[in-house]
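Accompanying notes for the structure given below.
Order of writing sets the labels: A, B and C. Residues in every chain begin at 1.
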Amino acid sequence: MDVLYTIFIDPFVQMAEAPDFLLQVVWEGFVAGILYALIALGFVLIYKASGVFNFAQGIMVVFAGLSLVGLHEMGVPALLALIMAIGVMAILAICIEKFVMRPLVGQPDIILLMATIGMTYFLIGLGEFIFGGEPKQMITEELGLPTGSTAFEMDNGGLVILQHIDIAAAVIALIMVGGLAVFFNRTRIGRALRAVADDHTAALSVGISLNQIWAIVWFAAGIVALATGIMWGARSDVSFALEIVALKALPVLILGGFTSIPGAVIGGLIIGIGEKIGEIYWGGLVGGGIESWLAYMIALIFLLFRPQGLFGEKIIERI
Amino acid sequence: MNSPAAHFSLHGRDDGLNPGDVLLDVRNVSLAFGGVKAITDISFDIRKGEIRAIIGPNGAGKTSMLNVINGFYHPQQGTISFRGEARRRMQPHAAAASGIARTFQNVALFKGMSTLDNIMSGRTLKMHRNFFWQLLHVGPARDEEIANRRKVEEIIDFLEIQHIRKTPVGKLPYGLQKRVELGRALAMEPDLLLLDEPMAGMNLEEKEDMSRFILDVNDQFGTTIALIEHDMGVVMDISDRVVVLDYGRKIGDGTPDEVKNNRDVIDAYLGVPH
Amino acid sequence: MFYRETGQFKTSYTADQQIFPIRQDRIGVAIILAVALLVVPFVANEFVLSAIVIPFLVLALATIGLNILTGYAGQLSLGTGGFMGVGAYACYKLVTIFPDVNVIIHILLSGFFAAAVGVVFGLPSLRIKGLYLAVTTLAAQFFLEWCFIRIPWLYNYNPSAAIEVPGKTLFGVLITGPAASGVARYFVVLAIVIGMTLLMKNLIRGRIGRQWMMIRDMDIAAELMGVRPLIAKLSAFAVSSYICGVAGAMFVFFYLGASEPAVFSITLSFQILFMAIIGGLGSLVGSFFGAAFIWILPILLRVWLPAMGFDIGAEAIFQMAQIIIGALIIFFLIVEPHGLARLWAIGKEKLRVWPFPYA
């Protein structure tokens, strides 16, 4: 009975007794979720436009962050470094389109997936070669991002502390999501992107330039990666460990669907908040550290009940 | 008859049914996907030894009907009895085990395998050696493999595809792929063979070849055949009885001649508004 | 040329269905085996055996394990490292609990633990397909990694949280632990890898292997031919995980000598996946090619690049090697998406019809 109590009752009692702490945990989860969502957004962009699951999104985040910090370390002023980092992502996008995507037009998805795995290897090597392997401090203040924090007092006297950078991250993420949604649904290029995702050959046949579209979309993913890199870097630091964190985008995408931008945000929030609450209130029962796999388990259990994801249509198989 | 097929048999099991007895009976079957009705209250039967055609315009529910028969879709209403055993829900592998084989509208071969392996895959249910024999691949496991290979080679001879035995099926032209698919279904030694547009996309010679194979299978092995086909010439020539579907309903059933003169059928095909 | 089938007629199906139906292939395999048995152990020094050849063979075996699941049964897995870890830790515990039983038996038994874990994590594959399944195996990977860290019983409560391999003997010769000679370990590894490869080849060319490929190529059609997806998929998970588990146990017992949980991380999973992809999914010989490419090439690059004048320090060389591997992966995908095994097959095909371009 004691076991059942510690698993099913006690955590909720704790939550009820210290609502300020619960709120703090939820907020932490919310911010982590926003960052997952940003990573997932990069995946969704590429997936929508080319049907490729871009394994390299995580390393692109690292690479973008490293470029920014690395350039600043070399003496470039922060804002100029930001612009140059955007330039680096543009060059990267053009190179990926020219040397990876273009020669692989029309290949099965799995081949393109593997190519992005190859890109991951390449970029890890290149990133370490240029910038070194050790973690770097993000130049938060130099970029004019807010630092410091605000504390809100609760009714029971507890405090909930919100870091300003976290608030900024949430706002920037929302702006990006809104912008991308408009871009996809309201512009000519957005429609072309969706056409390309459906069928390369058919898109070509109606006069859409695959090369141009892919360069644009990889660049957009690069911008998202840069934003993610800055935000994530400001919370911890810029390191290659982020590459593993980026894998969390997979459960996020599974909850939200591979092609849905709002889905990526909602999925990110579910995963972020879910794993924080799980870790704080239940993790201690099994020795802690369950954050490393809880997200995947949540997605897995979810999949068993809804194999098509949160927003996916029920699949009717035809033969 | 000098065909090599004359020397072997692919007869299904001896089930005590005589030619002309009802083999498969479809009773009041309805199937819907969400709000879309694919099949509405259809009843017909297939008799042992006959060639039964299912025809109708695109979207009439023909393929859905086959999918219901071999357990891939589960109808909301109605029953299907095969050899007198009624069933509502059945898994596809159970249908396969009870003696129903099938080819597909869009060739559904195993693309990564050779012709030989594809037809061997039809023998899956005829092979029983357990995991550990398979692991060693000696004695009984190898004997079983060889015995089944022999059957498969007979089918390869029958369908005249010896020259592409070891070719990956993905490399074959469409007409030959269709033929390999027929071979794979035959390898199951079925009692009831369902053919979904076996002649779609074929030229005249290929259609003639395929018609000959279908008639030979029916004639020599006594296999009951249900086929969907759009080429009316072929259908009227080779089938014993025809059932006509339109918008998920049955609008005609009978011999080719009866169906040809059926008012509803003519309307459906000429596009008279409902 | 010399690689001709002309005149080699098969008079029985047995002869036609042997593993190497072409005489020249049989001769080639015999030569490779002779070199592996009679030349390598006497020519290669301790470093080459311990750091290159032994891990290459073990990783090739793990790649075969993954290939069973991903290449033959079509179920993508990112959890190979975790399953290998289960094998390694199971073997360690078996050796601790039953110290008198021969270590080879422990290694072969440890695979069953990995197989059981593999089946549990394979259960969702009945409802989930493709990339979605990757999440299942990622869950397995991270969960198992967590277990290796958080369950001290698994590493006998060692303060270092690592497992250390005790010295064990076979026929009186020391084959595990730091004192075992490279040659002794090499022969044991070679024997297990050859044996396992042969058994897997047998499975693949029989009914069970065909069922896996049926599920991979077209699961619906497979079901309509009488394949039960439950049995086909779970058997692929079981066999694959067994092989991976054995490979994991060998990785620690014959190569590393001691290991910490980080060895069986997601990085190892990816490395094995690359080997399977580069070698060619659905090919046993490709597994060896892929393992050689991913394991041996970086070592060679680290030796060659300084020799060619690029003396830029050990770390930079390591990073250069990674860049080159990444670029080569993409290059190979563009040239031949089906991996080295397909290139090999095309090469043989060309030789058979030489001097004509087509058969």
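Quick note on the criterion: a residue touches a chain if its C-beta (ideal position, glycine included) is under 8 Å from a C-beta of that chain, and two chains touch if they have at least 3 such contacts.
The UniProt protein names, listed by chain, are A, C = Branched-chain amino acid ABC transporter permease; B = ABC transporter ATP-binding protein.
Worth saying up front: this structure is predicted, and the values here are computed from it rather than measured.
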item: Chain occupying the middle, per Cα centroid; value: C
item: Chain whose mean Cα position lies farthest from subunit A; value: B
item: Centroid spacing, where centroids are CA-atom means, of subunit B and subunit C in whole angstrom; value: 41
item: Intercentroid distance (Cα basis), subunit C paired with subunit A, Å; value: 32
item: Averaged-CA centre spacing for the pair subunit B and subunit A, given as whole angstrom; value: 49
item: Sites on subunit B at which at least two other chains make contact; value: 72, 104, 108
item: Numbers and ranges of subunit A residues touching at least 2 other chains; value: 319
item: Residue list for subunit C, restricted to those that touch at least two other chains; value: 220-221
item: Residue ranges of subunit A touching subunit C (in the complex, touch as defined); value: 53, 99-100, 103-104, 107-108, 111, 114-115, 117-126, 128-129, 133, 244, 247, 250-251, 254, 258, 286-290, 292-293, 296-297, 299-300, 303-304, 307, 317, 319
item: Residue numbers on subunit C that touch subunit B, as the complex places them; value: 13-14, 17, 199, 202-203, 205-208, 210-211, 213-214, 216-218, 220-228, 235, 282
item: Residues of subunit C defined as touching subunit A within the complex; value: 124, 127-129, 131-132, 134-136, 138-139, 142-143, 145-146, 149-150, 220-221, 266, 270, 273-274, 277, 315-316, 319-330, 333-334, 337
item: Subunit B residues within the subunit C interface of the complex; value: 70, 72, 91-93, 95-97, 101-102, 104, 108-113, 117, 120-125, 127, 129, 131, 134-137, 141-142, 145-146, 149-150, 153, 184, 188
